[in-house]
Amino acid sequence: MLDAEDGETLLEVNNIEVIYNHVILVLKGVSLSVPKGGITALLGGNGAGKTTTLKAISNLLASERGEVTKGSILYRGEPVAARNPAALVSRGVIQVMEGRHCFEHLTVEENLLTGAYTRKDGGAAIRRDLEMVYDYFPRLRERRKSQAGYTSGGEQQMTAMGRALMSRPETILLDEPSMGLAPQLVEQIFQIVKAVNEGEGVTFLLAEQNTNVALRYAHYGYILENGRIVMDGPAAALRENPDVKEFYLGMSDEGRKSFRNVRSYRRRKRWLA
Amino acid sequence: MLYREAGDFKTSYRDDGQTFPIRLDRVAYYAVLIVAFLIVPFVINDYWANAVVVPFLIYAIAALGLNILTGYAGQVSLGTGGFMAVGAYAVYKLMTTFPEINIIIHILLAGGITAIVGVLFGLPSLRIKGFYLAVATLAAQFFLVWLFNKVPWFYNYSASGQITAPTRTVFGLAVTGPSTSAAAKYLICLLFVFILAWVARNLTRGTLGRKWMAIRDMDIAAEIIGVNPLSAKLSAFAVSSFFVGVSGALLFSVYLGAAEVGEAFGINKSFLVLFMIIIGGLGSIFGSFAGAAFMVLMPVVLKNLLVGQFGWATDLAAHFELMIVGALIVFFLIAEPHGLARLWALTKEKLRLWPFPH
Amino acid sequence: MNTQTDIAIADRQLGGTLMELRNITLRFGGVEAIKNISFDIREGEIRAIIGPNGAGKSSMLNVISGFYVPQEGEVWFRGERRGPVKPYEVARLGIARTFQNIALFDGMSVLDNIMTGRLHRMKAGFLSQALWWGPAEREEIENRAQVERIIDFLEIQNIRKTPVGRLPYGLKKRVELARALAAEPQLLLLDEPMAGMNVEEKEDMSRFVLDVNDEFGTTIALIEHDMGVVMDLSDRVVVMDYGRKIGDGSPDEVRNNQEVIDAYLGVAHD
Amino acid sequence: MDQLVFAAEVFMNGLMTGVMYALVALGFVLIFKASGVFNYAQGVLALFAALTLVGIQQGQVPFAHLINSIFGTHLEYFGWTVPVVLAILLAGAVMVLLAFLVEKLVLQHLVGQEPIILFMATIGLAYFLEGLGDVMWGADIKNLDVGLPQGISESIESVSANWFGYGFFIDRLDIWAAIIAALLVTALVAFAQYTKQGRAMRAVADDHQAALSVGISLRFIWVMVWSIAGFVALVAGIMWGTKSGVQFSLSLIALKALPVLMLGGFTSIPGAIAGGLIIGVGEKMFEFFIGPMIGGATENWFAYVLALLFLVFRPQGLFGERIIERV
Amino acid sequence: DLVVPNLSYRTGAYGANGTQYADGFNDYFTLLNERDGGIGGEKIQVPECETAYNTEKGVECYEATKDSGALVYNPLSTGITYQLIPKVSVDKKVLYTPGYGRTSAKNGTVFEWIFNAPANYWDGASVAIKYLLDENGGDLNGKKIALVYHNSAYGKEPIRTLQVLAEKHGFTLTQLPVDAPGQEQKSQWLQIRRDRPDYVIMWGWGVMNQAAIQEAANIRFPMENFIGIWWSGSEVDVKPVGAQANGYKALTFHGVGTDYPVYDDLQEYVIEPGKASQGGEHVGSVLYSRGMYAALVISEAIRKAQELAGTPEIDPEQLRDGFEQLDITPERLTELGLPDFGPEIKMTCDNHGGSGMSRMQQWDAKAGKWNLITEFTEPDQDVLKPLITEDSEAYAKEAGVTPRDC
């Protein structure tokens, strides 16, 4: 595992504010930094602004009529705003979007190949990586010739992940990678994240609801609520934090709480006054 | 902080469901009605009536109709011109066959006939979707125009195939025919617009409207939660065609007075009305009006400006007019893809927050 | 393991068979998504369907809700064999559902979306609707009151008028549930209702599911990948893999079934 | 027997007309495939391309009328003519420039919008180009001559006269159109199906955001596709302009391309050709044999009704991509 | 001032044709203003308004100009004419539609405000058949004639007359409609190629003309046997087809070319000083001449009206009287610098259509000009009269007009 402290900072988000449609203020001053070679997790409830943060980083907000109105985002010290999303991919930042976003009419394999769009290292290398992705996700090998639109939810998630890996990125922004995946596959995906991170030094910033797994694999975590960072720290420390335990890991003092007992009590997060 | 809803509490579901929940809007609405019904008729002249206001009102009905189909029910149609022709020829046949019956009834019947034709041509929508459907509705457009052109019964066997509206009166006041006053034309159109807009509003906020919108947003899901796509789509076609038929009837009988199908109800009409609702705002009653106003007024304003004010040659002005209208369409779409209605709503939303930015 | 839960399940009284699927086989071209599967859903129970990705779970729900027509097999509902039906007819029979890839009507407000759940209960005539007079208005207000109760129940009062397109994922899921509930179904099908939620939200959602089941006596079939949720909430579990059924029984039986562990759970789950 | 021979002649001519329609339809398909944009402006694009070609060829001063009316000058022609090949290349370059501007000024600002909005934007574009074409090159009818032969093909006539006792009429221009269309289609199919850019193009059509997120530059793809479509429009403009002069009505041939598209499938390049042939043959046969019985002038609607009937059985057209219906 | 609006069209599908006509119309009035200081000392204003051949824009133009003292309208569109007929009758404006519009408007007792001298569509149809009769020694029995027509009110106008004439002279008439715009006419011409009619008559406008002539050339239909109405007989229709169009014939009710003294004046007062409409590009073309001719008739009617009213400032009612007593004799035409340019125009209260005379012209591709090949010929009034009475009476009944006594 890499020590986040002394590594070089790859991505820096400084106090950004994001507004949709000129009226809806979603991010109210978010700052975070992602060290090179690390796995950083961005946690938080629904509508906290995780997706928005990731989209701001890869400059995809424009097509949703959102804009960064304050603050700056620097990738390797350069403002990302200056580059279009495609150029950012060439620079090594790729995002796996929430909700899969596969190209429905392309086959699974064609989907994966679009991931290699920006690569210049020739067909052989691309084929090799394709094999690698199929090794990671054997299910995709079986479905390679199917139109992505007709594959199951989980298969689409794998396709989206595989597509990102195909671009040989330096940094991957993962938005809810575990969503809709079977438990052993969730574990597997994070294993892959870990393997890619350690083996190839790829940096990860992942937004996750599945705090439990995320904090097991991440080095550092930020907790975002209501458009603000409410807590951050090394993953191990966060895991031990009683509030995190209670609200994000679903642990009570005697171990895991049962979902059947939820009816009996309900405590609110303090910091949401 | 004039414009806001704070303090404007609703205590019943009926109040909450009303058309203009904000008091200021309500006041503005009644003010517009008073001006439209009680003041304008006394000041309107031929030019304003014939060149601007009457076509605006009539197109607003057509736009409302198409908006129900395309904006609310999501079925893109390019057959509007053809359906307007059905309305026009229906009213012509009715007017000339039953001269003793009131024209208002004829116009409503013409709408009804158009609704039936609309349902017929709407049947393929059960299978065909999106742009395919749009192009398929062109079949209706071209076929209907051909039919009215080819079958002499429709134009009472006149030599040239033109139809001409005879004079008909309402309460002793001529509303069609050459001697109709500007005010009479205006009032009859206004009356139809007012009632139909109100009906459109009622339909779209209730059960039927929800069915339409559900089909529009995701037809499969709508079907699975219990919306019968057949009845939803066909009812949209029927209601929409009724509106369009009425507007065609008015266009011919009140506004043009004489018409030839290919010229007056050609494919350009279909596109024109579609432009209106997209520019105005899909799925918005207000948008239908805004779009109709834009597409009717813009060319007139530009022409008066370029030729009247700047004294340009008419052909240069006409070419520039095309360029400017085109550029404006693109400009508005970029500024707000959801049309003038959304632009207006956003402005209001900002006003509501004012003086805070968000 | 939580002993308290087990007792609770043991106490629950399950009713008769509400729905029965017999030897269902479903093919898409060459792909056999469901292979000869039979199982039943009893009145008042919470039935979970689990299995690896692509196992055919969603397809199964689609069969139940009439969207996919299986090549072979029979669907029995309330003791009658269901003939060929259209999905909207199924909805009228009292089966409502949510979707894996949220299928809300993006252009409508939350309130309108939920109201669509009650569409097939609203019967006012066309004229009445056009004039907004008499039955139409009355009906609207009555149903609105019902919907407001569901809105209160699911705690989404503050977003009533927001267009759903703008909502974050989790809230959308909740609105979808609300829409399904608005139909007052006898059988509620939930396709991954808790995907993409954090623990707190899952707790909320669990609470809703349990309350619906308890208070309205609604039978629930749900697909879920979170084993904690599945094991805690469900009365019985069907496990699918590659279109086959590899397990069926109480949560305990299932989690100790070696085949299920190999195919799906990976490790024995507590 | 006679009827049969006539039928054969009409059939052949239908095929040829179909090719001419397909040339226009191709441009639509390309842009639809690459951006999901239903490009209403395709017809105007053809007109604009043809106007530009004639203007360049004849050495017309662009915006002459405007300049004259502002400065009181009497410009009209530069006084030179440009050789055909060079003129075509220059006109092609203008179309590329146009593609660039369209992307820059319109499409770029509409990334991720619904198809109908983009459709509407192309309508705005059509208006604009129509006006621009007139201002730039004048509204009068122009003669386009790039040396393509026209008129009855005597060899076919005499061969068929030998065989059937009736000389078939086939226009030589149509034969050329068929050859050019075949070449274009082969090239375009190969491009879309087997190259990386082709794949990227299809990806963009599916999901703008996702395409951006994997590093496909929408800008590049769109400029590329609009350039190709502009070039196809130029070819269509040349063929139709040679046939009936370059003037406003040229933009209306787009209406003849729509049923072709519908029938062939909006997303299929071979579909454009197949659709064109079916529509061409269908409408000509119908007009020729049934038309006289019901008053003629059936061509406009018949094409659409034929396509409509087809769609009822295959909602995505002959070769269109399957419409994905899933929940 | 005298206001004569010019409802022109310089854009859209027929812009190329409309432009030339509008130029001729403008230039003639400019000439009168520049050379004579107007008519009877009153300057003429010709405000132009673009209709794009679109009826609604036509109405807008009419409404926009009618309160400015406009005397007479000439919209050059059958559709707009139909639109304006009821309106002008109420607003009391003169509508002058030479060679187009509603044929039965010739009946002045019903159509008080409409004039369509010197010729209308039925005159044209009749003259064309007369010409063919002449060619065939007075006998068309058993001949086959095909009518290729614009599938609109305009194109359908001659059908009724031709049907009656077919019965009378024993030829068969085949109708071949072409939908606007008319670029694609393959089936029509394949049919012609198969049926081998002896003659083809065409009622076309815009691109349809040119496409038809091209197709005729393609199937090697003899151009001498192909006759267009006057709206299918201008340079724009034949030039693009090139040498193959040689020999094509068309009707006309006025002279062509610039071999008339009036052009010297036009050159001197209008073109040279740079006052020509659109730079004088189209001077002398067929459509330009026609626009000019329309202006000439209007100006003569104004002159007459001034004479009758005894004042140079006339109103539309007086202009109507001027039209009804208009008599443009050959001598008068010569005085105006256009000897033998048009037929004599003599209108009365019940005859708003004049004599209906027109002549045949033929295209000489090599010289690039139209040659007149016949004298002005009179149509077969025996056939036309009853038709006109019938149609105008039907209109009167439908529109509730009581015919005037003349």
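A few points about this structure:
Think of it as A, B, C, D and E in the order they're written, each chain with its own count starting at 1.
The definition used in the following text is that a contact is a pair of C-beta atoms (placed from the backbone, for glycine too) under 8 Å apart; a residue touches a chain by one contact, two chains touch by 3 or more.
Everything numeric in this text was worked out from a predicted model, so none of it was measured.
The minimum number of touch steps separating subunit B from subunit C is 1.
The chain pair with the larger count of C-beta pairs in contact, out of D-E and A-B, is D-E. One finds 37 Å separating the Cα centroids of subunit B and subunit E. One finds 28 Å separating the Cα centroids of subunit A and subunit C. Subunit A and subunit D, compared by their mean Cα positions, are separated by 44 Å.
Subunit C and subunit D have Cα centroids separated by 50 Å.
In subunit A, the residues that touch at least two other chains are 24, 150. Shared interface positions of subunit C, i.e. residues touching 2 or more other chains, are given as 67, 99-101, 103.
Annotation for subunit D: residues 65, 134, 139, 295, 297, 300, 326-327 touch two or more other chains. Within the complex formed with subunit B, the subunit E residues making contact are 8, 10-11, 15, 19, 48-50, 52, 54-57, 59-60, 63-64, 66-67, 78-79, 82-83, 85-87, 89-90, 102-104, 151-154, 156-157, 160, 179-180, 278, 391, 394-395, 398-400. Listed in rising order, the residues of subunit B touching subunit A in the complex are 346, 349-350, 353, 358.
Considering their complex, residues 2, 4-5, 8, 28, 31, 50-55, 58, 100-101, 166-171, 192, 195-204, 206-207, 210-211, 225-229, 232-233, 264-267, 269-270 of subunit C touch subunit A. Contact residues of subunit B toward subunit E in the complex are 46-47, 50-51, 55, 96, 149, 156, 158-162, 164, 166-167, 177-179, 255-260, 262-264, 268, 299-300, 303, 307, 313-315, 317-319, 322.
By the touch criterion stated above, subunit A contacts subunit D in their complex at residues 58, 60, 62-64, 84-90, 94-97, 101-106, 110-111, 113-115, 117-118, 147, 149-150, 163-164, 167.
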